[in-house]
Amino acid sequence: MSEHATKDHAELAQDFNIDENRVDWHDETLWWIRAKRDKAVNQLPEWEALREAASLIKHNVLSNLDTYLLQFEANAIANGIKVHWAADAAEHNKIIHQILKDNQVTRMVKSKSMLTEECGLNEFLSKNGVEVIDSDLGERIVQLAEEHPSHIVLPCIHKKKEEIGELFHKHLGTPAGNSDPQFLTDTARAHLREVFLTRKAALTGVNFAIAETGEIVVCTNEGNADMGVNLADVHIASMGIEKLIPEKKHLSVFLRVLTRSATGQPITTYSSHFKRPAQGKEMHIVLVDNGRTEQLGREDFRNSLKCIRCGACMNTCPVYRRSGGHSYHTAIAGPIGSILAPNLDMEKYGDLPFASTLCGSCSNVCPVKINIHEQLYKWRQVIVKAGHAPAAKKISMKAMAVTLASPSAYNMAGKTARWVLKHAPFAVNNSFNPWYKHRDMPEAPEMSFKEWYSVNRKSSK
Amino acid sequence: MTVGLFIPCYVDQFYPGAAIATLQLLEKLGVNVVYPKNQTCCGQPMANSGFEHWTGGCNDLFLKNFSEFDYIVAPSGSCVLHVKEHLHDDTGKASLNQKVYELTSFLTDVLKVTALPAKFPFKVGMHQSCHGQRGLHLSQMSELVAPEFSKPGSLLNMVEGIEIIPLNRVDECCGFGGTFCVAEEAVSSKMGIDRVADHLDHGAEYITGVDMSCLMHMEGILRRQGSKVKVIHIAEILNAE
Amino acid sequence: MSTLSSRELIIERATKNKPEQSALPDISLFEKNNKGDLTTFSTVLKNIGGSVHLIHNLEELVSIVMEKYAKDNRFYSPIEEIQKLINQTPDNSNDGHDLENVELAIIKAHFAVAENGAVWVTDDLMGNRALPFICQHLAVIVNENDIAPTMHEAYLQPSLNDYNYGSFIAGPSKTADIEQSLVLGAHGPKSMTVFVEVN
């Protein structure tokens, strides 16, 4: 699934930082979205209470996940919806393929679903003779570029309009050099309209699934989910099992916090409630586990399942903004991705929890109050104990642990370090020292504080 | 009341001025300060790198050195946060975690300082170190919809002649992050460069904060740039006359 | 070797791994229990790219849209009174594809939401589910007495009790996927006008 499987976050981030102007552009764009979020949430004096309510509702969901799943299934079936269960990504893909085969569909239109990215659905269907067109403009752009989305809400935030113009020129026949967003969007509108009008099957994600009523809610700004579904004969909805909420009225909380957190809008243009398929049409929901019940069992990490996929953590993360979503080499990037992915494959994604300074900004913009930065810290302990720390790091950490546990060893080490800095700076001021690449080393003082204290203060312990 | 002075390892070795200022400031305010000479490190650099299970030695040494004080005060937000959240105390005595304070919060919350005989007539940028701010709640964070406050800020406002400059991003992380500063060098440096630029753009002559680690990282960048702007720990400003 | 179905496996694992019971919060505390403000609604809707017109009757609406949109384009409405006023050619199709060339669709909404400029429309008001999305321009009628202040009051409305399909529609369709430049009219309608019936 990932084209960067061999490089870790640090290496990919280093590549990303080669073009400093581009980093600034990426960073400032996402910070601007964080600023829009701040403006929107500060208009609601009850904002923090809403976060708390959203968090508590999700805690209740996790503590009753089995009951709500069964309740949802029963109600959905009563609504005329066909419910499928997929234990993992492969099964999810197989189920969807089967539904398409049953309906003789070889061309499908899809609206945004990060779950299908997680499962590698597009690649799977393509290998099996089914064409999938992503209808969300950002996703269509990355699809044409043969890339994966770099952000869960803003799929091509890493692309400049000139690059998009080039893509459209190559694939959709627009004039070379035209990068006007209005013109390009109009082109995409016409191109995708033809897709909507001709596809018999439409796949959507699920933002919220209501246990009480067996309906699902899909939120878009473009209207592409509704266009696709309402013109097709078959609606397939892919859903992670954690997307449940208990009652319809709880949507009032979630629809108030979701988009304000994501983009600073009070609500998406369309918040569509799909309860029963239209006359003569079919609706399917695929409930997907793919590691979620496993995460549910991890006491320290289960709260990551509260996530409503708003992306606010990515927008605020100073590391994400300066390394880009692709440097996380996984479907869902950024802070939330870094606490979800190690559950799927600790070795492959063991680098992600370390791609952070633990600043805590993410946890405090999260509308459902996931303690992301604390989970990042805890994943580090788990990953190291599981044996996935690089050997060099282990050795230096052991040395540190021994030195710092002994006052005399510590004093000697400190004195030596200061001596080297003062008398043999070349030993550290070189390209072997990563600190030295962009920073000077600190100056060595004459005395440590300890030494100063023993000279200047008589009484000492 | 007796206060045990806890000095972060890198402050002890490379920035003793911050420690001296902390000691002198507390003494000026009438506090009986004792500095346990056998202290080393709180263990944070290892714990944050995933090796918390190897910090037992540091943990025990800390308990041994600091159990008997009424308060433990340190000129560092991140070290204090680490001790508060990760120190293991099985001795059954009163929990050490409650008694550990970062310097500025000790001054505002325990000593309830309202005036300082300090003078520092310069333009100063206040860097909000993340662990102190979001972890210890030394000041309000921009992410929350909540009333503004700042313990370090309120103390700086008592200093004569000081001018605190505004910033574009009031509490973005500087990028030090412990071993992150070398493990993810590219992003770490870029974050530091951006943070420094914000202060420079607003005319800072000094950059201050509660954590010398952040300041050390920004100083490295400033010196590489040949800048005249200096970093200074907040204790040194509050102690300046 | 387990012969459980995926369904049984997932439920079994969820049962085994779920945390201790955690109670639901009382969200009625968020209800404002007052009527939504028309000025707030109008301001928000305009900020998100929509337009507002105050009308006393449907004739006024029709005369406004006749001026605004070219008369030789297709106007479509499931509302009988509007159909008469615009001389709509009757059709028996319930296929959304047949609405592909609709320039302006005129529908009713149950109510509006002041805090976010949205209107709530269900399938029985849409005529065809594709209509509010496939048209080039959308006009929605709502009564000034049917404005909820926030989503909390919205979900208490009777029209939220049951429906086959419904959508909160807030302004025209839009995207900012190309370097965050806001473009109205992504796939759904390029413009959205709310006609508020006042006394």
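Residue numbering begins at 1 within each chain, and the chains themselves are lettered A, B and C in the order written.
The criterion applied here is as follows: a contact is a pair of C-beta atoms (placed from the backbone, for glycine too) under 8 Å apart; a residue touches a chain by one contact, two chains touch by 3 or more.
Here the structure is a predicted model, which is why all the values come from computation and not from measurement.
Greatest centre-to-centre distance from subunit B is found for C, with centres as Cα means. When each chain is reduced to the mean of its CA atoms, the one lying nearest the mean of all protein CA atoms is A. Here the spacing of subunit B and subunit C, counted between their Cα centres, is 52 Å. A straight line joining the Cα centres of subunit A and subunit B is 32 Å long.
Centroids built from CA atoms put subunit C at 29 Å from subunit A. For subunit B, the set of residues touching two or more other chains is empty. Of all residues in subunit B, only 7, 9, 11-17, 19-20, 23, 34-41, 43, 45-58, 60-61, 65, 130-131, 134-135, 141-146, 169, 171-173, 175-194, 216-217, 219-221, 223-224 touch subunit A in the complex they form. Subunit A contributes residues 29, 32-33, 46, 49-50, 52-53, 56-57, 59-60, 62-66, 69-70, 85-87, 91, 135-138, 141, 154-157, 159-161, 164, 181-182, 184-186, 188-189, 192-193, 196-197, 221-224, 226-227, 230-231, 241, 246, 248-253, 255-256, 263, 265-276, 278-279, 287, 289, 293-294, 296-297, 299, 302 to its touches with subunit C in the complex. The touching residues of subunit C, when paired with subunit A in their complex, are 5-7, 9-11, 13-25, 27, 29-30, 44, 48, 94, 96-97, 100, 115-118, 123, 128-130, 132-134, 150-152, 154-156, 160, 162-181, 183, 185-189. Put simply, subunit A touches subunit B in their complex at residues 9-10, 13-14, 16-17, 20, 23, 27, 31, 38, 41-42, 44-45, 47-48, 316, 318-319, 322-323, 354-361, 363-365, 377, 380-381, 383-385, 389, 393, 397-398, 400-407, 410, 414, 417-418, 434-435, 437-445, 447-450, 452-454, 457, 459-461.
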